[in-house]
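A, B, C, D, E and F label the chains in the order they appear, each numbered from 1.
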Amino acid sequence: MRPSRRAFDELRPVSIERNVARYAEGSCLIKFGETHVLCTASLEDKPPSWLRGTGKGWVTAEYAMLPRATHERTRRESSSGKPSGRTQEIQRLVGRSLRAVVDLVRLGEKQITIDCDVLQADGGTRTASITGGFVALQECVKWMMERKMLTVSPIKDHVAAISCGISKGTAVLDLDYAEDSEAMTDANFVMTGSGGLVEIQGTAEGAPFSQEQFLDMLALARKGIGELVELQKQAVA
Amino acid sequence: MRPSRRAFDELRPVSIERNVARYAEGSCLIKFGETHVLCTASLEDKPPSWLRGTGKGWVTAEYAMLPRATHERTRRESSSGKPSGRTQEIQRLVGRSLRAVVDLVRLGEKQITIDCDVLQADGGTRTASITGGFVALQECVKWMMERKMLTVSPIKDHVAAISCGISKGTAVLDLDYAEDSEAMTDANFVMTGSGGLVEIQGTAEGAPFSQEQFLDMLALARKGIGELVELQKQAVA
Amino acid sequence: MRPSRRAFDELRPVSIERNVARYAEGSCLIKFGETHVLCTASLEDKPPSWLRGTGKGWVTAEYAMLPRATHERTRRESSSGKPSGRTQEIQRLVGRSLRAVVDLVRLGEKQITIDCDVLQADGGTRTASITGGFVALQECVKWMMERKMLTVSPIKDHVAAISCGISKGTAVLDLDYAEDSEAMTDANFVMTGSGGLVEIQGTAEGAPFSQEQFLDMLALARKGIGELVELQKQAVA
Amino acid sequence: MRPSRRAFDELRPVSIERNVARYAEGSCLIKFGETHVLCTASLEDKPPSWLRGTGKGWVTAEYAMLPRATHERTRRESSSGKPSGRTQEIQRLVGRSLRAVVDLVRLGEKQITIDCDVLQADGGTRTASITGGFVALQECVKWMMERKMLTVSPIKDHVAAISCGISKGTAVLDLDYAEDSEAMTDANFVMTGSGGLVEIQGTAEGAPFSQEQFLDMLALARKGIGELVELQKQAVA
Amino acid sequence: MRPSRRAFDELRPVSIERNVARYAEGSCLIKFGETHVLCTASLEDKPPSWLRGTGKGWVTAEYAMLPRATHERTRRESSSGKPSGRTQEIQRLVGRSLRAVVDLVRLGEKQITIDCDVLQADGGTRTASITGGFVALQECVKWMMERKMLTVSPIKDHVAAISCGISKGTAVLDLDYAEDSEAMTDANFVMTGSGGLVEIQGTAEGAPFSQEQFLDMLALARKGIGELVELQKQAVA
Amino acid sequence: MRPSRRAFDELRPVSIERNVARYAEGSCLIKFGETHVLCTASLEDKPPSWLRGTGKGWVTAEYAMLPRATHERTRRESSSGKPSGRTQEIQRLVGRSLRAVVDLVRLGEKQITIDCDVLQADGGTRTASITGGFVALQECVKWMMERKMLTVSPIKDHVAAISCGISKGTAVLDLDYAEDSEAMTDANFVMTGSGGLVEIQGTAEGAPFSQEQFLDMLALARKGIGELVELQKQAVA
């Protein structure tokens, strides 16, 4: 039995609410159980300097946690003078994942920044950020199309993410904080709506894991991401 | 007529929702119209180092805006390496205002940090932070009393804040962003529930202001803060 | 009796010596008793980047204390990596106060930086900085007019500043360090030569203050600033 | 045909030279073709502060590139004020990978820091760092055992790493810079001597990759890491 | 003829005024012509951490220029986040020079910090800082002896410094800014009252210099430093 | 007898190996005994911004030590956020020394950066950096001439450097770490191939030194630098 009484292949209750930030070109509040992430999309009229004149645009992401999103208060990164290694790792991952489904030439010389701010954290903040970040991005593209800034959407597919782990020897889907703290192995998967793999990150926290265990997690992730993509579709419908 | 069609002495619709952050010892989401601030209180078992051994505790505040709380996206302060002068000014103000109604000896050698994170900004974020920060602080004290960490509350009075301005020559209450951008004078007032003055900050943005104008603003602030204190009382009732 | 044996409405001895920095376009050494501030004006041929092409100029201020201006040596802000919150608050205040009496369009696309370096600190460094900073600014404008860089002065009025406090229940003028440390309330006032209010900052250090006390301080400030403006006029005569 | 004329499952020539840093407790210079990394182990007599009193030790890693290790000179991270996100990601990976094969309780309250300094970079610097870092760590443990600081080695297994990619549709082993720049998918694998998985990081650079492609890369990695472990054993023999 | 019409072996007018900083344990304002440096000595009751328990004290120095000490305004080092390389070089030099004449064991576990703040700069600020810093140090020791904190002075000898240069082929003493900008070679000499060499720094700015030229400068420096030591003695008499 | 059993005027074994960095335009590994410095030259097509349009180029240097180049591991300067004062002093010295033998007009609007990375440190790292840095620079110029980017070499002379010290009362040449730690005086000399003086830095670590001792060191340095220039010539032959 998992601490949350979920089945081994069961997601936490997931909800996606669009249109939560009055000024952003796209936004959503995504909840994976008690993990709540506010995702906003901000459009800029020009790409980063290294893309100027290439005809290509850019999608990037930033990630942060409110200081009291967590059980213990965390120090603000503005006080410590720079984003931590963990923060940088996550925002690079979110950016790469979203770019994997965007045609940057079709986007044209613009930049969309997806901000993922964790209001409450109970494990899985990076996977919720990717899944919700995609919805904010899609909303932003819709906003652009309504204003005739784009005629064809540069979004090629859905993208979503989920974590898996090996807990007491078996693979389980969508770890919450309690499970994550005890899991021997922790893996994050990012996939497209059509099932392509975008990113795999598996880490042995204690003992190494076997190829079989890894394949079990991969199968669970495929199931969970399928469900998340379905929820993304319902959210924007 | 004000841009928001409010009377000159009318607050925006204000709401205060408690208990919005699962892990914090106290929290509320306060809304002054389209300005939304999430306030959390975090309790630490020891005071800052310079108070150790004195028997006194401390209340401090931090303030930040989400990057897309505003019309245009603002750069994260963790990227620019330090909190801006404006941020530091505001968090010093919020901390001072809250300490004005707390008996630090009665609190004992502990520290309460009030985090004020602006989810959406339409003017008046510092006054909403003080008003909501007080509620989060009060919730935290209630949490401590329920756990017998305190027997007598160290909170001596309510504290709340509001801005006023001189707009087209007359004093008006509770500026929103549109009004704030055009006002010739901008003033913030912090007062206690019993009407004592805690902080006054008045600034001429263009032409200097007269003593009479200043007294008009002070009278409006007194009325508005009275209403805010009433709302604080209802929120925790 | 005040610690300095001054009457409640008596300034410390104030002196303003112009022309103390050989290379600056304007300068003065201002003394409020044992508080000594060296103020210099530096002219740049272009405004900050966000004003280019607007026809407007800018006046800004920087503030610092020598490490041993104070009773105890203070760490240099270059070692701690950034100006403190207090420093930023003061330099923003000085800049705003000076701009309140300058017609930036008449100044044209230039920038004047007023550096206020505290050689010795005995309370009231920010009010001395504003009062002396105005003289340095005026000297700089004179320098520009002598060189035909300006035909009409962009300075619209005098500006000066003074602190007041509530000490042992009564309002007193121009706090020195000893008084400031004990005062229950501390307020800074910035006014123009013609008596307009530019900035009011009042803070309860312990108990809140009453409206009546505040009005007493305001009246004292008006008297003191009148005297300071007189001294400014004599200094440049 | 690969640009380097290697077979799809062929490593670059790998060499490991021990004892290259006179003062370090362990060291080696590892070469994966034209990628050269100097790995040193530094022993400290106490663990990081958060482990004091727990009886456990720590193994950590730092990573850097000499400015002209690369085709174009890279700016030093000491000038830009902080390690980049990429650097932090790599040093966290190297540290985690080495800790996966160390019994930290057996190590006791000490810290070993593995510095991986890239003298020349032609792709695969992080995998060379892990593979060489393990040898430096092993040398350090040998040094400690010779001095009776340890009686039983805390090293439980070998650990080594290799990259794979999908190049022109097929999986290839051990990408050099030229191949890495063009590969559609890039994956890094860390495994133990007994074949356990320690870390998997697969990233789609352009199009998503399929599960089949991923399994091809995993099989190649297993072969390559087997060969690397063999070379580690020869190096210390 | 030198630009300042001085003879090749002639110092600028030098003055040393003690007791210029009310709160410091020792202070002087030293002028080498238009170069003005305010030197203060601050006593701390304990040495830096790495000397605790050794019975030895420390003398250190910090150096800074006011932004408008120079012809063009210089950016504050607190804004740029750190002291420049030049600043660090100078403060290390001043500290080393002063320590060369102090018996640190006799000083005991204390620290004296000499702050050298350049109010106006016309070349030779580092040599003025050393020469004036010595006087501030001596005043501080006198202050300590008057309070019976020391019974025997830890100061073993005088120390002073001067610059020389090769200007139009000949050696000249005590370069001002105009000369320094054009000199082919610039050298700084630090010597004790009894003529011992403490520090020599000679730099070819354009063409290399010859041994003979160097010896000419050394002879001039010896003469100039002799005069400065005489002035130090008069200042404290 | 010196700790290394060398004669008082004897260099450590010196070797210079060119062409050690595959991607750099010039490089060498220089060894002064157990001090090993990797020097690379990186050519950029444009000079620093302050030289644009002047027709002149620039030669600059950067210096760093690998963390475990030393007996005890040193913290990376990227972690501490900035190069230390010592690092900045050394890289300014290396840059100045190299520029002393380069005709910057003949170089034209380009920049050559010499990186000196200390792989192993046993005293004398700055003198080895200058001596090896010159060889890397020369290689870079050769590379440019082979590509017809220059027709006449901008290098006017050789430049090399050595340290001397007063050890047990006598002058000795080329201090290693053991000698350096005990020497009463430490001096670094930079000279050209034709014997011109470029830089002299002499520092009394304990007692002041006499003019005679200084001249002894200067004579030793002249001998040592003559030998180093000979080795530079052999290296590139």
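Basically, a contact is a pair of C-beta atoms (placed from the backbone, for glycine too) under 8 Å apart; a residue touches a chain by one contact, two chains touch by 3 or more.
Heads up on the chains, UniProt names are A, B, C, D, E, F = Ribonuclease PH.
All of these numbers come straight from a predicted model, not from anything done at the bench.
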Note the shortest touch-path length, in steps, from chain C (Ribonuclease PH) to chain D (Ribonuclease PH).
3
Contacting chain A (Ribonuclease PH) as well as chain C (Ribonuclease PH) are chains B
So which chains count as neighbours of both chain D (Ribonuclease PH) and chain F (Ribonuclease PH)?
none
Quick check on the interfaces: D-F is repeated by which of A-B, A-D or B-C, going by over half of contact pairs matching?
A-B
Using only Cα atoms to place each chain's centre, name the chain farthest from chain C (Ribonuclease PH).
D
Roughly how big is the turn, in degrees to the nearest 5, that lines up chain D (Ribonuclease PH) with chain E (Ribonuclease PH) by CA atoms?
120
From the centre of chain E (Ribonuclease PH), which chain's CA centre is farthest?
A
Taking the mean of the CA coordinates per chain, how far is chain C (Ribonuclease PH) from chain E (Ribonuclease PH) in Å?
33
For chain B (Ribonuclease PH) versus chain D (Ribonuclease PH), what separation do you get between their C-alpha means, in angstrom?
51
Please output the residue numbers of chain C (Ribonuclease PH) that touch at least 2 other chains, ranges allowed.
81-83
From the touch relation defined up front, give the order of chains around the ring, starting at chain A (Ribonuclease PH) and going on to chain D (Ribonuclease PH).
A, D, F, E, C, B
The answer for chain C (Ribonuclease PH) against chain E (Ribonuclease PH) in the complex is residues 21-24, 27, 34, 38, 40, 42, 44, 62, 64, 66-71, 73, 76-83, 87, 113, 115, 117, 119-120, 122
Could you pull out which chain D (Ribonuclease PH) residues touch chain A (Ribonuclease PH) in their complex?
81-83, 85, 88-89, 91-92, 96, 100, 187, 191-192, 196-204, 207-211, 214, 218
